[in-house]
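Structures follow.
Next come two complexes, and both contain chain A; in the first it sits with chain B, in the second with chain C.
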Partner chain A sequence: MIAAPTLSSAFLDAPGQSLPSPLLKLREQRGKALVDMPLPTRKTENWKYSSRYLKLDEALAKTLPSAGKSGPGLAVAGYHVVFHNGVMVPEASDYPDIAGIEIKRFVDLDDDEARELAERLDNTLDSKAAQMARLNTARFEDGLLIRLQADAVLDQPLYIICETDASSAGTAYPRIYVDAGRHSQITLVEEHITSGSEPAMTNTVTEFALSEGAHVTSVRLSLDGDTVQHIGATGARLHANARFENHTVGFGGPLRRHDLQVRLEGPGAECRLNGVVVTQGKQHYDNHTTIEHVAPHCNSEETYRNIAADESHAIFNGRIHIHPDAQKSNANMSNKNLLLSTGAEIDTKPELEIYADDVKCAHGATVGQLNDESIFYLVSRGIGRQEARALLSMAFINELVEQIPVDSVKDTVQARLNRFFDQTFDEA
Partner chain B sequence: MLSIKNLHATVEGEEILKGINLEIKAGEVHAIMGPNGSGKSTLSQVLAGNETFTVTEGEVLLDGENLLDLATEERAREGIFLAFQYPVEIPGVSNMQFLRTAVNAQRHHRGEPEMNAAEFMKLARETSKQVDLDPSFLKRGVNEGFSGGEKKRNEILQALLLQPRLAILDETDSGLDIDALKVVADGVNALKSKDRAILMVTHYQRLLNHIVPDFVHVLAGGQIVKSGGRELALELEDRGYSWLGVNEETTAS
Partner chain C sequence: MANTDKQVNELIKREYEHGFVTEIEADTFEPGLNEDVIRRLSAIKGEPEFMLEWRLKAYRRWLEMEEPEWAHVHYPKVDYQSISYYSAPKRKEDMPQSLDEVDPELLRTYEKLGIPLHERAALAGVAVDAVFDSVSVATTFKEPLAKAGVIFCSISEAVKEHPELVKKYLGSVVPAGDNYFAGLNAATFSDGTFVYVPKGVRCPMELSTYFRINAANTGQFERTLIIAEAGSYVSYLEGCTAPMRDENQLHAAVVELVALDDAQIKYSTVQNWYPGDENGKGGIYNFVTKRGACIGKNSKISWTQVETGSAITWKYPSCILRGENSVGEFYSVALTNNYQQADTGTKMIHLGKNTSSTIISKGISAGHSSNAYRGLVKFGPGAEGARNFTQCDSLLIGDKSAAHTFPYIESKNKGAMLEHEATTSKVSDEQMFLCRQRGIDPEQAVSMIVNGFCKEVFKELPMEFAVEAGKLLEVSLEGSVG
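Now for the complex of A and B:
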């Protein structure tokens, strides 16, 4: 019998870096726990459809170097923080000093702050479900801590641009931790981009801790290049009456995996999770979401749409877990999928585990194709066949794109989608 | 302008059109009447290029050019317009975006510059008022949740914006209240010109009071069984179809 593949030890000899010692200790501890970590295979339930896209070659074991430079094209109007290969670049970042809001890189934390953070990192994530995120905690070189005091409100969205510089092979480990105090509010846009074209990986973890009544809106945009594998995890824990909103927009790649885990732990907490994914060529994208209704009287709304063209492969796995005490839970999940070619594949799996009796829970998943009657109607007005298909595909996801709460991101997404559909329907 | 010769068409192996002959000249208005299921919509859809139907015999010439060789979008760009009996709802595509894309596709075909959003918005708003549709309908999804009558007016709105050479109106009058009928008729009359032709399918004489046809044809069992002037419509209204040897219940099968 062939032994199950395990993580190469090369991934575990992390270079020493300038992190404060409590964080270095945490890294080391987590690294030790990963020795002989089995890698996902076809038989690993939560990687069933995706393990064949995961290519953890030795070359990726190297942490991508960060020369502290900022890549090209990062001019963002508004507040922004730039990460280059997982290390923050202060010269490329720009955000104001606002009372009650701390924005600090991990390497700048003093020992006390670092100790507190080390205790909290990973607490929002179920590391069994997001096993690859554990590698991030063993390897991060820097990170961003955002702390909002009670009632603090960030008046504009904060962009966090994570650039993977793939001029050489290796992996980047961006890390973000947001601690949103009582009744604080923040909108965060996390944008993943690539420069260079060597095989590379980005392994990213973002965590949100929401105190009572906090409102966090997060937009997550994956625009990584086509030589970059992307493994990301986002975790959020909500206390009473907190609200978490996430808009995920993803374009396919050689491997794209995002685990989103939300825990509703206080009565009245609510979340909205929207996701749009488009894939073409031989691209892949896999979204795994989990919503844990732990406390009673919580609401969750989830809407994901996938469009797969050519021979691409999109996966959606949505789990809703209603704990025994979570009476009066309200959970809605909808996943609709559009196949643009017979060679494309979409796998969708809603998973409901309901252990409370007084709950409202609705879910639906469909996989369909473009409607011939609609195409005929459009072309009968002189609209070209390919343009008609593009219009209808766009219509399939438009509602979600419209809901993206930051206009500049909405525009970027629209432009990217137009380009995607131009390419997809550019007749061979 | 349009010359239909011995046109046969099938759907799922069943023959629906069984040798249609029809000559339409520029400037003319033709009405087609006939029992349910006789093939009126099939003829309309075949002319527009719906691939659900297979043409098995015959030819259709548009100004001497073989229409059946053209794809649907090319026919539209050559000036064929079909107002659908059952307009399709397309949620997620705004009516405005749809209309502008269509107008610009046709302008592009004619080598004219595209209209920008502002220019087009102005035109569309004016035209929507002409068919008594509140401009707010431009923002909604194409036909999404429109009432039957609103859908019909939206079809005429499209015809007015696209200015086709041959407008085929498949029961655009059905389901309209008296005022809406007048609005639609005014819209169609606004389309009439010496360079254009109109082919309208209808069950009712009342539309023909507003839009006076030059010719009336009876389509039954997949063939045109009688043609005449506008007085034929009056006669059909009086006497039904049975005197023509056509069973009202007859279908193409």
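Now for the complex of A and C:
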């Protein structure tokens, strides 16, 4: 038997040393655990459809250098934090000093804070399912810690802009940890962008710990460039009556992978996960979500829509796991897919794993194409055929885009989607 | 609830009705598997050279394969060297020609199971190719079938009498190297059923085989091959019960169906093998590969299964829809109780234009059991206008049971449409209250509700099977209410 390829040891070379010592220690530990880590292959269940897109060349083993500045065009009105190649850039960031809300770089933490954080990092993510997130923990150079005291409310959304500067080959490792205290509230917008056009990779991890009654809304935009592979993981753990909302919007690329894992650990906790993915050309996008109902009386709602055009490949894998004591759980998952071309491929797997009897769980999935009658209806009213297709495709996902609670993000996304459909149906 | 608990406890103690051992002298190989065993097996069966070669090739291939571990089932590893690969009932001079010649001991076994062979055959017009352990011992209604040109015999006979058909189709749908258990079967299959329906013939009766595993420690490796020529129709019934054993028995069968232009095959199964006792001890390991190929245009293959037995079920009756406009159907009821584990479902591989498939799966888990639906619906690039509808529902009885759904959906054609729905729920208190209020005891109420839940599938079964299936559910559910 041929041995499975393992992670190149070049990925485990000692990265920079500017972090406080407890975090350096954690990084070292994780690095050791990754020695000889087998790389995902077609036989690795949760990489079945995506392993062939993953290219972990040795050139990517280099951590991208941070110049301590950010590229142009990042001006955002409102609170924002800017990362350049995984390192925060204070000069480009702007956020207020609000009582009860701490926003700190990892490199600025004192030893006690760093020790506490080191114990909590990775706790929201299953090591097997989000294997690649461990690589982030072994390699991050900086990160952002957001801590909300009890009842603290951030009055405006906070943008976190992660720029991967692909002017040379390598990987950026942004890292975010949000600790939301009792009944605190925050809305976060995480945006991944690229400058430069060398082959590069973004490996990013965002974690949320929600105490009782906390409300967290997170919006995640993956807008990386065509030469950048993107591997992201988001984890959330919810205590009683907490609410977590996630809106994921993704445009395809050479490799796009997002693992979203939510654990409902206190009674009354609930989550809503929305996702929109569009791919064209030879692009790829893979969303893997897991919702763990650990405590009774929890609710989860999940809706994902994918559109694949040309020769692209979109994947959705949603898993709902109801633990033995999670009675009175309600879980709903819906995944709809639009296949715009016969060269394209859609793979979906909505899974249910249920170990409690008094639960209501349902999932639905569809794969199809635009309805000829709908197109005819629009055409008969003087709308061009391609325009009609663009309109209907947009309508297919706009329902979810409309639910994004931050208007400026919604506008950006809609504009980009319209551009996407114009391109797709122009060439058709 | 005290009263109910008492009832339940009594019911739990009730033992598996079909568990008894028929004392018949069996001609059995010593445990172990190697090339010599395969040669001996092939020699005993008087097989032509090509068959032996085929078996040996499969065996060599199998040695290089690994046992699959992806299914949602847990069991101690099977020691393939501790199994005996051949066991046949003592035969006298020749195979019996009619029912009268069949060993009376054997006939009594069937009677205890409530299926008197001759009565059943006469009443229902069913020709039964009864497989008692590994060798067919009674075949009835051969003549009217022969008149219609239908070949219905054991596969060993077919190997000798119709080698050209066997050569052409054996392994054409499930190749010897398809998977671990299919490989094992290809190397060691002891007997099975062969059906050939010629062009344009509508098989005059429902064909049926009653499988039974008998001698202890003997894996039953059945191989079934059904070929429906252009424009023909055949309906085949398969039913199973097995006597009580403490050690796990392995059953690795392979079923291949081939449907040519405009042909239709309907394959129905009621599987009620020994599921192990209430502590999960013993029971059959049922690792089966069933697959049908719709090769011809407008052909249709329909699988209907009621699975209530076996300690572990690993079974995915599938359809390869190659011909234009071909149709695949899968109707399934899988019930698990006590410590049973089932991982079952189907694969619908759409390759041809305008192919369509329907999947209706009903899973019921009670006790400490685990029941998983695992399915694949795949649309290839040529599956223009293909359609699939999938519905898999799970019903949970008791808070220690588990139900899972793992549907894989892969589409490479924009003209293909697919809808998938799944729900999980329990027998609601309201439903129970309604029944009990009308004087129906809890046991019966659950059985009624479950029967309603499964109705969509039962209506696809041939009539006599539908009755049996309903009864089976009742027996299998005993002791699950509380």
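We adopt the following convention: the second predicted complex is superposed on the first by the 426 of 428 C-alpha atoms of A that agree within 3 Å, B and C clash if a C-alpha of one lies under 4 Å from a C-alpha of the other, contacts with A are read in each partner's own complex, and residues count from 1 in each chain.
Following the convention adopted for this analysis, contacts are C-beta pairs under 8 Å (C-beta built on N, C-alpha and C of every residue); 3 or more make two chains touch, one makes a residue touch a chain.
Note that this is a predicted model, so its numbers are computed, not measured.
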First, second, both or neither for A:Asp94, with chain B first and chain C second: neither
Partner contacting more residues of chain A (chain B vs chain C): C
Chain B versus chain C as contact partner of A:Asn398, first or second or both or neither: first
Touching partner for A:Ala344 - first (chain B), second (chain C), both, neither: second
Touched partner set for A:Glu212, first chain B, second chain C, both or neither: neither
First (chain B), second (chain C), both or neither touched by A:Gly368: second
Which of chain B and chain C A:Arg385 touches, first, second, both or neither: first
Touching partner for A:Asp357 - first (chain B), second (chain C), both, neither: second
Contact set on chain C toward chain A in their complex: 70, 379, 381, 384, 394, 396-426
In the complex, chain A residues that touch chain C: 45, 324, 327, 337, 339-369
Touch list for chain A against partner chain B, complex: 372-374, 376-385, 387, 391-392, 394-396, 398-399
Residues on chain B engaged by chain A in the complex (per definition of touch): 48-52, 71-73, 75-77, 81-82, 84, 87-88, 90-93, 97-98, 101-102, 105-106, 109, 141-142, 158, 162
